[in-house]
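Chain IDs A, B, C and D follow the sequence of writing; residue 1 opens each chain.
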Amino acid sequence: MNSFGTHFRVSIFGESHGNSTGVTIDGCPAGVPMLESDFTPDLNRRRSGSKGTTPRKEADLPRFMSGIFNNRTTGAPITILFENTNTRFKDYEKLREIPRPGHADFVAFKKFGGYEDFRGGGHFSGRLTLGMVAAGVIAKKIVSPVKINALLTEAGGMKDIEKAVDLAIEQQNSIGGIVECTASQIPAGLGEPFFNSVESLIAHIAFSIPAIKAIEFGVGFAAVKMKGSEHNDLFVSPEGKTKTNHAGGINGGISNGNDIVFRVAVKPTSSISLVQNTINIKTGEMTELRIEGRHDLCIALRVPVVLEAATAIVIADLMMAEQRIKRIF
Amino acid sequence: MNSFGTHFRVSIFGESHGNSTGVTIDGCPAGVPMLESDFTPDLNRRRSGSKGTTPRKEADLPRFMSGIFNNRTTGAPITILFENTNTRFKDYEKLREIPRPGHADFVAFKKFGGYEDFRGGGHFSGRLTLGMVAAGVIAKKIVSPVKINALLTEAGGMKDIEKAVDLAIEQQNSIGGIVECTASQIPAGLGEPFFNSVESLIAHIAFSIPAIKAIEFGVGFAAVKMKGSEHNDLFVSPEGKTKTNHAGGINGGISNGNDIVFRVAVKPTSSISLVQNTINIKTGEMTELRIEGRHDLCIALRVPVVLEAATAIVIADLMMAEQRIKRIF
Amino acid sequence: MNSFGTHFRVSIFGESHGNSTGVTIDGCPAGVPMLESDFTPDLNRRRSGSKGTTPRKEADLPRFMSGIFNNRTTGAPITILFENTNTRFKDYEKLREIPRPGHADFVAFKKFGGYEDFRGGGHFSGRLTLGMVAAGVIAKKIVSPVKINALLTEAGGMKDIEKAVDLAIEQQNSIGGIVECTASQIPAGLGEPFFNSVESLIAHIAFSIPAIKAIEFGVGFAAVKMKGSEHNDLFVSPEGKTKTNHAGGINGGISNGNDIVFRVAVKPTSSISLVQNTINIKTGEMTELRIEGRHDLCIALRVPVVLEAATAIVIADLMMAEQRIKRIF
Amino acid sequence: MNSFGTHFRVSIFGESHGNSTGVTIDGCPAGVPMLESDFTPDLNRRRSGSKGTTPRKEADLPRFMSGIFNNRTTGAPITILFENTNTRFKDYEKLREIPRPGHADFVAFKKFGGYEDFRGGGHFSGRLTLGMVAAGVIAKKIVSPVKINALLTEAGGMKDIEKAVDLAIEQQNSIGGIVECTASQIPAGLGEPFFNSVESLIAHIAFSIPAIKAIEFGVGFAAVKMKGSEHNDLFVSPEGKTKTNHAGGINGGISNGNDIVFRVAVKPTSSISLVQNTINIKTGEMTELRIEGRHDLCIALRVPVVLEAATAIVIADLMMAEQRIKRIF
């Protein structure tokens, strides 16, 4: 189902080239100040147009359809709509029988029997993250003073990200990247055993962001080469502050009050303009494919703000479970 | 909450040194053959006792409390109980004010205000995975012919795992490991956009297994150094078989019919018998701690069967969502 | 939360005098034919304008915002929007301190601390049932050949409903009514023990329709005067057909294959133009209130189509649980 | 599914003549004092043995399997088990082909394909309410100072209940009854629009109690004969106290601070020892049936404590949603 969260519940709908994409947020406290302009900074960070991203331009103006009155949340569900304007139909029709390697085309066809909206990835498009970013703007407000910050730390295997993007443009071949996210000023005690650990919930929502294929908390995979005596974070204050943060701020699935730190791997976008071999699923014949249309060469550039939003949604939900956010703000 | 799954719903309860741990499975089809002996192989794989694991011995006999009649499931919820017998109380009382570094002691105290069952990790104990393994036995039956297989591929940074364990015993220091899981004969089309991708659900449940700190699907973190033209898995059959499987059998969050492949990082157990510095959270004074009791030096040895169970639970749930499992078996 | 259903999940949003009301349906199979005109008959049945209903006129045109492509459902969430056009603001501002007796004004203020959208009942308005009717149109399609039919059988205590409405108009006093709903061609076996009996789910959603205060299945309250030998419905066919239907088609919470029959009580609308005594909640002084604005004298006239929709949503959900509706239609 | 509640979540399992019935409560705050003897009064009220109830005797001793430590709740899920001791098998085998009129036998067979535990109603037995009563004991503790009280006000159509029961015994024919429940000292603001009104949630859980076929809030069905000016409850204090309570303490689905009052109709038990006509579902032949075994002549006698428990569970859940119950008690 297209919903996430128990107390702060986010539901996503929409398609890349349909009428709209949008989001409904249920469970947000009443009284939170909310202007359309509050969404501008994060929506701009997500927006394409810069070097390495798709040339498709969308205004991405949030329309409040419900739940906001007199510039405040009302306590009723908030629906925010983004109408699609710069849509194209023709580019996609011909791809139906020739699924793009690495793309959701094939699985969408298998799952929905050919009735899926196949235009530009339809419901599988990265455009759906608009709603997640909008929900994140609201979540960030209510989790204050918790701060969430994500950065692209590596692209195409390089720390110099501008150089990596230039190279990708030159080669017309997409590249991946690593995004690191830190949530600070986190209270101890967030997360629910047995199934809803902080890691479980963050990983759950992070893997709904297109192109993310791995996640690690704290030192993550590096932990497998450490001894217990090295990995254990020693307490240095009765409030739980630790000398190191190998655990990424989480023990036993529960926040320990130190920064929550994790990294995700963003794979290279599957849509590339280079010629690829693929198969015609109707005829069974091998064929060559050159994908036209507008695509991101380094989608990882646009992931940080989406990952922040995802994290904020989880933190909001967990803080509400712990009654750390008032019902009336 | 201590439940997971929409159609095949698993609820875990219990404590390490309380009366019991157990599991309730709701949504299992009626008519599935079920004997207590069916659980023996996987429970044995999970059991401690071998080199590198805790010397605590428990019979781990599953008791069917409901939902099974005439050696078949009835369609009603199945509750399976494991009574604890080999419990100790004294070992843990003194640790209350001196939280073990890297352990859930501190966060449990913060979360439950001192009312938590602190004996042996209480509800945070790895002993809770008994219920997950039991649910996995049932899930594996109903997902047939899907096969799920997990292996410890590396421990303490070494491929020779026996050597790694010997070294850990010698040093009395815990070690981590990497477990790789493969699910084969998977139908295409499992997984639900936007939030319930296959990766989302597997990661969600995997991170509820104690000590797991990272997960990667397909080539995972290695994807960030690949170009799109390298990472894309080329189709070689109209059924979706691909030449490579960099995506780990999942595109756009949906299974593509190739094997689902992923790896998790298991951190070294926090409980070690070496002396560690820690803090008395009541007095605020630094103190030395030497943990007694019975612990696993390489908990990763016991993870594969648990990870298989976790995966089987997700696959069962997703196959039920797709109506690929009959209501009456 | 503003969602209902497990497999066929309906989420409602909106306000009476805000930008819109609407609905998102998640879990609908792909491939269901869907035109905007398919919604016209039921939306017309719900619409006001006839004798005894509010003079507020709204076009109530459904706008498909997502999930429908080439006149069929895609399998992705369907969002349908109804924009409000004929809104008024001034009528409601002055009522803030003087809650209308019997209305949701007072409780909304208590619950949302004054941040609620108070215009015309805001999120508590009967206008929210638009989304439910729209979801019902979709549900009715997929539950076919099940037929659902609701009728107003009594209004203002009279069987002659037109006369009852005339009398209400004459007296400018609102009246209630009884609506009876029948679902026929129901398969046996719908409903889930222990908590999700057919009665539980129908009652749950029925009581979300404004003004409904009672529900009875089969002979309902009359059962309390019957002996077991009288109440028991005797089987007359091996398929479960019974001679009588005192149980309303449900035994042990599960459909038995006979018609599901139930009745709801609709209370008289609280908003009336007669002068009423009430209290100023700020000053504590008693005051007289004469409610202006546009109201329904007999809201029960508009309930049947909403009750059908509510029932169809439950039946769709339960049939999907039993895998009686294909994932791809 | 066999679970109910969002914040205070109750899961029921078990069978009438299987090993046990029981309940898991998830979400209960840590620190609530809890002794097995706390359960005795309500379990005794539910117990059979008095005039008009089944002669089957069970000890009904609650066993705490998890979640309770040092006589307090720990914050982890609480599982309470009731082992069945006085079970009989032979009585039921012969009924398989001859479903009892009015009973769940037939629908259970249809739903679970013959794999259901058919002994004594199996999972459909009134014995499952043991778990609900146990959950209610916990819920009543945490909702304090809210008081919940239910009474049998009418049996077999008579106010003199003892006389009604004597008559039933004389005629060996079962009778129904009306149970009225009042919850007092309720805070205003409980209940969630759009779908989770107080009426919706109470009705949902009430209809999971076997034999309940109708529910009405406040004046209920009598409202349909009242004018708006009669039905509206006039405010007499700024805190929302009303002169009358026709609405049963609920407006717009939200508690208004007055007593919540509702009534349920309990049908006569279907199992009677009088000879009834029925059909052999295998042969299709009409046959006579005389039900042996141990049954309740007036199950309504045992409903009040179950209905209180059901109500307490809903109130606990809604108070937790409003953060009116501390996470650590």
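The rule is simple: a residue touches a chain if its C-beta (ideal position, glycine included) is under 8 Å from a C-beta of that chain, and two chains touch if they have at least 3 such contacts.
All figures in this text were calculated on a predicted structure; none of them were measured in a lab.
Repeated interface, listed pairs C-D, B-C or A-D, reference A-B: C-D, with more than half of the contact pairs matching by residue number. Among the pairs B-D and C-D, the greater number of C-beta contacts is found at C-D. A centroid comparison over C-alpha atoms places B as the chain most distant from chain C.
Work out the mean CA point of chain A and of chain D, and you get 44 Å between them.
One inter-chain figure worth recording: chain B and chain D are separated by 37 Å, centre to centre, where each centre is the mean of the chain's CA atoms.
Per-chain Cα centroids separate chain C from chain D by 25 Å.
Touching of two or more other chains is recorded for residues 1-3, 6, 12, 76, 111, 123, 193, 322 of chain B.
Arrangement of the chains shown, judged by which pairs touch: all-to-all, with no pair of chains left without contact.
Against chain A, in their complex, chain B makes its touches with residues 1-4, 6, 12, 99, 101-104, 106-108, 110-111, 121, 123-124, 128, 154-157, 168, 171, 173-178, 188-189, 191-197, 199-201, 203-208, 210, 212-221, 223-238, 240, 242, 247-248, 251-257, 265-272, 274, 276-282, 284, 300, 322.
On the chain C side of its complex with chain B, the touching residues are 6, 76, 193, 322-323, 326-327.
The touching residues of chain D, when paired with chain B in their complex, are 1-3, 9, 11-15, 18-22, 24, 26-27, 30-31, 63-67, 69-70, 72-79, 81, 111-113, 115-117, 119, 122-123, 328.
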